[in-house]
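Below are two complexes that have chain A in common, paired first with chain B and then with chain C.
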Partner chain A sequence: MNSMSYSDSLSKTLDSLGITEGTRLTVERDGRTYTGTLMPHHEFSAPDVLILKMKSGYNVGVRITPDTNIQVLDKPVEVSRKEEEVEFRKGLPKLVLIGTGGTIASYVDYRTGAVHPALSTSDMINAVPEIREIANIDATVLFSIFSENMNVENWQKLAQEVADQLNNGADGVIIPHGTDTMGYTAAALSFMLGDVSKPVVLVGAQRSSDRPSSDASSNLMACARFCTKADRAGVYVVMHDTSGDDSFAVHVGSRVRKMHTSRRDAFHSINAAPIAHLDDKGKMEVFSDGPRVTGDKVVAKVDMERSCVLLQYYPGMDPQLFEDVFMRCKGIVISGSGLGHVNENMIPLIKRACDNGTVVVMTSQCLNGRTNLNVYNTGRDILSAGAITVLDMLPETAYVKLMWVLANTSSVDEAKEMMKTPLAGEMSDRRTIDV
Partner chain B sequence: MSEDYEMMCGIEIHQQLDTKKLFCSCDSRLCDDGQGAYYRRLRPTTSETGEIDRAALAQFQRHLGYRYQCCEGTSCLVELDEEPPHDVNAEAMQTALTFSEMLDANIIDEIHFMRKIVVDGSNTSGFQRTALIATDGFVDVGDRKVSILSVCLEEDACRKVESKGDEILYRTDRLGIPLIEVATGPDMRTPEEVMEVAFRLGTLLRATKKVKRGIGTIRQDLNISIPGGARIELKGVGDLKMIPDYVRNEVNRQKMLIRIKQILNDRGVTPVEFEPVDVTEVFATCESKVIKGALDEKGKVIAVRLPGFAGVMNGDNKTLRLGSEMAGRARTRGVKGIFHSDELPNYGIEQSYVDSLREFLGMTGENDAFAICAAKEKKAKDALESAVIRANEALVGVPEETRDPLPDGTTKYSRPLPGAARMYPETDVPPTTITDERLQQIRDNMPEFPEQIEKRLVEQYGINAQQARQIVRQSNDELFEKIAQDKAMAPVAATMFLNVFSEMEHDGIDLQVFTDADILGVFDLLRQSRFAKEALPALLREMSTGTSAEDAIKKLGLEAVDAGEAAAIIEKIVNERADFVKSKGMAAIGPLMGPVMGALRGKLDGKQANDLLTEAIKKLLG
Partner chain C sequence: MNSMSYSDSLSKTLDSLGITEGTRLTVERDGRTYTGTLMPHHEFSAPDVLILKMKSGYNVGVRITPDTNIQVLDKPVEVSRKEEEVEFRKGLPKLVLIGTGGTIASYVDYRTGAVHPALSTSDMINAVPEIREIANIDATVLFSIFSENMNVENWQKLAQEVADQLNNGADGVIIPHGTDTMGYTAAALSFMLGDVSKPVVLVGAQRSSDRPSSDASSNLMACARFCTKADRAGVYVVMHDTSGDDSFAVHVGSRVRKMHTSRRDAFHSINAAPIAHLDDKGKMEVFSDGPRVTGDKVVAKVDMERSCVLLQYYPGMDPQLFEDVFMRCKGIVISGSGLGHVNENMIPLIKRACDNGTVVVMTSQCLNGRTNLNVYNTGRDILSAGAITVLDMLPETAYVKLMWVLANTSSVDEAKEMMKTPLAGEMSDRRTIDV
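For the complex of A and B:
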């Protein structure tokens, strides 16, 4: 019943007294008395400590010894959260929120103090009531996971759900998502949904929704405005463009990368410019012609080849350690140095893998700029070994694309050709000085 | 609650610590300039029951926003809420624990930081991080034990730079500076006792040697009530010596409000309905500057009837002053003030206008009163509504509120008392477990208590007990010890701290202008005999106006004279009075010391002057 992080004896004591989170207690030890409501045990709390929320609002950790007297005052009070009925407003576009979890949907339970990974999507909309001024919002929770736990199967389910919602009358889909792997999911949806006819926008938050300073609601608002007003179809990511709450960027889903661990403006378009910019009052500038919204049916092609890896090259990379990986995988993306290089010792292993029918794709850990294996001997040798380059595609996008391409082609040559062909704005042969 | 006391008061002190910031390694100092203006908004979050504070939300929807300036060295991504807090500053935590031990308080076994929700923008995160460190301590003041309710460790907030339209500009330099918050029980019973407790807690805090000094680094809040009155929070008292005045005035204010309640209840006055009346036409030709000014700007004159309130708004020889309370509330709605019938005719409003207004309002009752406000219609109505609400509160007694101290010892209305703080766990900061070993280690390394320091100063430097007490009370002991390394300087410094400083303060000179470095510099010059110790008071007075020590010496002509020059001056004085000296003989020394010191004060030590004078007289007498 009680959290595993308590000591055995404390767990037993609590169970025998019927004490659970939310129980009001008095704890007395060495002449000191603390009265409060039992909070969840913190991961880093000592195993013999109970955390009580006192009347003053403060939490205190009280060490429980054999001499401690614990008295139960009240059993937990169930507090039901109000769910407001949302009125349908005629004439407004319909947006569907598909919840996946992450910081944007996580909150502290105010009664127990626990951090939950899933705010119900209706809670999320209720927290941004003004969003209802611009669209009718339907909400559904598909997953409640932090994005580091997202996997290929989640991408597939999500893509299918998006297609179903768009085919069932949604004018756009907003996907609140954890930020850690939001770029990967955006890339996966970009390929799986192909020439999707409506906006599909992933949105995250770097500060959780329970905080007054959360970026969740302003990002959501910018998202809804883009979906309803920009007339752009495709897969995008909307996040803060600067540290301030008054500037938002719309990134192409296959071009975006989390470039900071914690800042609100962590997401950047790499080797491309954001396609639109919004402010907090609703002003929007759209910079690209981009695909327009149409009424076309949406088809999700969700097959993925799982036998693929993404490797980071580092000086001294030892082919012996990777032999097994190279000979077992169907696809390998290497985030190489500079223009797309690995050391000369790795080249024979690349050749053996390519000869074995594996597709080896070279990208650059510089992230910014195009790969080019014609400039140096090493590069030319890598090409001769059978690896390919994919212009200025991000390593992560190349990895996701390779999985998708291998599952949607029938030969290695076809797969290589498709890797080199832009499918969802993920690569370009032209970069200007201002990006 | 027994009511055999006249008043009760508790103190809450916020003291900045002299460490790095609480949750990052930025310097904790204030900066003269700020860069950037990062725009943020704070959205009211849902409460325990899933509800949103409607008033706060309305403010958010009116698009109130905040801008934040950064300062080099004192703000990083943590202040900007762009990076999670780092581990709690170990030195600050240690200081809070040590201070708790000094108060004999019970330190919490495992300390948890909380988020106290504050959505006025003064915290970039929308909350203040705060932890309860200890409870149930006490402090000895005189022969009284005053209870300590709690010791907390928390972050200071941003400084407000300016407020413009829908935006407030804040500077993040102060945000995150560690604060110890110590709260006493409501144990104090006299205004002087409140001041003594504040002094004592301040001295104990400074005895940790880890607290900041100077203006704004310590802030006192007072909670004052009297039997039949209400709890009033007086926020941010700076000058401890003003405390008795504030307390006394607040006690009198509450007594006055209780008297007013009695009068109103005796009259059978019932709550006033707020019914604003446009009375602009009555004042169309009025010459009152306030009214003319408002009408010129397309404002209106609005009136409200206040049946039964005559004589309590400003009556009984100005001892009943509900009117100023009402005006205080009205001013929070952006008007300059209101006029009420107890103070009219006055302010350019003649009796004839008062009479017309009474007639216009149909006021006939003996105790019928009114209030008027001249401003833009909406503003005037809002202001009067607040005033009426305040008038009605007088029927019940003393309303609980937060008040701001004014320099004259009185206070003004600030806002209603805040409700219970909303506090949630700060999940980004791990708890701090306080082991028995750590507690023992703290107990074994307690700082010197003020009494111990006093005793040591007496023994070590030969100053008297009164001087030592004053030096410690002013927290000048560290500075004193630096000066007294040269033992000869110890009595001079002791006299300065006890007598010179208090005389200067008595004359209204702000001693805060002197830095420790200033004082040390003065004593360096004294040691070099650049001036004589007798000139110290004059020198310090000159320096308090902003003159440097060097310049002050020149300006006051204190440049010490060498023995030869002094001898010449004294000889001249003696020769000028040759007849007198000859008639008195060596007994002339006493009377002549006057003119000699007059000519050489501050330039020559008294004893030296005496020696030279003796010599000069001997010489004359042959």
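For the complex of A and C:
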């Protein structure tokens, strides 16, 4: 859960002095003295730098060498966890926050130095008091893992929990999620929750924890506003739309991809537009006609066929090396070159897999644009081998969808037909496209 | 070579009537008569549509049904291939065009209907007479294959041919190339040709062949201008910078990626900026200080270690399934999530591969931004397992570079060091980046 990454020697020094986040310190270096509260380590700062919040409210990073003098002034304030009953406001919608892990699940109160080890309802509401004006909020922690460790079982549990919460009276669900695999999880929920009747919003905690908590707060406010005011059901991802903190985009869960390793506006809708924009003042524009909120029961169909792979084609790919992978899997998604191509020497292997009852789906590593195997000879040969294309679906979404589809039908033909049919906004409708 | 993709029934009709590109036709449909010269099939048009260039110069697409009446007016003019000696203009630089295949290698003279089956010097120069003002042009066809079928052996032959041409007096080389794998080929040439002393420019033939040849011409003119006027040595890709035909970007060969399946401006520099822009009027802006042109001998180092793979990490990836791939390869590039992560259950396999002497390189499937495995626990575990990161290098470029590096050293440590060191502009210089 802890994103700190100090060097071994600095870790030892901190341990020996009993210094943890929230400790008030004095650090002397190069003749200057810095006094402040130790902040969580910035995720992009060097392993030998301490970040202190000074009285002014500003943070300073101090590089620590073996001869730097560090003195402890005050230990962190241990807040008594008075789980004060949050007043339920009649007439307001109810939102449930389902924690999955990531930086948002622990936070530091920067004014007092108190460290809150985990998310609780009152923590959350205290951090974002404005939210009480628009919704009653419940929070629950489902798991606490890094998003790169999210696995198919986590998606299944999460989808079931979302369905249960929505069927138990929640008007919407907000899921704080690490950004690494948030796109995959959003795609998985999109298929597992099918025509979910209420909003389900994943939100990345890009907040670097050395700044005031306003970032997490504004994120959460944007989600709450979207969930309560937009009248749109479905699975969405809400993320910063710019490098600032004041603009948010709402992406369709099956169309979104992390396109930068670190920027706050890393998430982009691909082959689709965001369905809404919000600012931090409460302004919201909704662009799509998407499904409206209803009271329908939510059904989670969480079965997944695990024997699926996602492979990127590259020149020099050796069909022999991948023979075992191709022959052992029930579903294969290939992100091919251009319109969805592979080298002709891969085609016999694709054919053998297809003959074997495997569903092979061609997508494009270009990400943007639609595949089309009817243009060139190679493409037609790939189709003849038995593979299918899925228009403008993202490779990652196609992989997630294929797992879901193969768990929901035992017929290869039906699986192919389902793959080619939009089920959760994941592809353009072939019938509306000029071929 | 032929990008036509008519339906089977239309193909049969055309064959039975002896109709080929350049044939003058009359087509009657829905009471209207269309007369014109048959154009090559547009790569995104439907399989049952004929495209005719009419007297006006405009093209029309006519959908053919079984009852459409088609009549042949004139067969294509077979141009006698008078390989007229192109006048050599003393004092002008010499550029060599090396054909690899793709639509640019055959073209139709739209005014006469004559079909030119392959590129010849005089064809080329006749198509772009302005080019004679700035350079003497030689052309040679090295191979004629679709770019999705380009393989490592093709890169090797191409690099050697480029070196030979440059050492034999060419002042620059232009390589028309299919767009599917042009980024990979550009990366391969970047490493194989090392500090090449002259400009080597790949150019995509995005020209859809149902429009006047001005597109191919303007492409070629932009390349020729860049090669002769920019004073920049190195391997570059020149492509449309916008969806129009009047603006061109010059990308560093190791930093460019096809980011759209069909748009004319599909190629983007990633984690870098284009080094130059040109317009179709001859205006050129060069932004970088890159290496200047010299007379130094060009050495092609074409050896490649073929036992390398490129794998994308995805949630649910089964380490067991990829055990064979990991244990059989000498080099593995993984496009991980976020900063370069994989699920922790993949780490033991990475460790076994590294212990086995395999070089494992982590890149990011986000494509944009730099990797960093020092931030989170998972990342540090991946480093401990023996993998390395390569800052902001593209996964595809890392794969190509790894093949080249492993062929140029037998030391694993040296290979890792070479991977982490910029050799051909493929990554930012670690020393200049604020860590």
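Criterion: the second predicted complex is superposed on the first by the 316 of 435 C-alpha atoms of A that agree within 3 Å, B and C clash if a C-alpha of one lies under 4 Å from a C-alpha of the other, contacts with A are read in each partner's own complex, and residues count from 1 in each chain.
Methods note: contacts are C-beta pairs under 8 Å (C-beta built on N, C-alpha and C of every residue); 3 or more make two chains touch, one makes a residue touch a chain.
Predicted, not measured: the structure shown is a model, and the values here were computed from it.
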item: First, second, both or neither for A:399, with chain B first and chain C second; value: second
item: Which superposed partner A:246 touches (first chain B, second chain C, both, neither); value: first
item: First, second, both or neither for A:146, with chain B first and chain C second; value: second
item: Touched partner set for A:46, first chain B, second chain C, both or neither; value: both
item: Which superposed partner A:344 touches (first chain B, second chain C, both, neither); value: second
item: Superposition-derived comparison: chain B or chain C, residues of chain A touched; value: C
item: Which superposed partner A:262 touches (first chain B, second chain C, both, neither); value: both
item: First (chain B), second (chain C), both or neither touched by A:32; value: first
item: Common interface residues of chain A - those touching chain B in one complex and chain C in the other; value: 44, 46, 261-263
item: Chain B to chain A touching residues, read off their complex; value: 38-52, 57, 61, 63, 65, 77, 80-84, 106, 108-112, 114-117, 119, 124-127, 130-132, 136, 150, 152, 420-425, 427, 430-431, 433
item: Touch list for chain C against partner chain A, complex; value: 2-3, 5, 43-44, 46-47, 146-152, 155, 179-181, 184-185, 258-263, 266, 304, 306, 308-312, 314-318, 321-322, 324-325, 328-329, 335-345, 364-372, 374-378, 380, 395-396, 399, 403, 435
item: Of all residues in chain A, those that touch chain B in their complex; value: 32, 39, 42, 44-46, 49, 51, 54, 56-63, 79, 81-82, 108, 110-111, 113, 115, 123, 126-127, 129-130, 206-207, 209-214, 217-218, 242-246, 261-264, 280-281
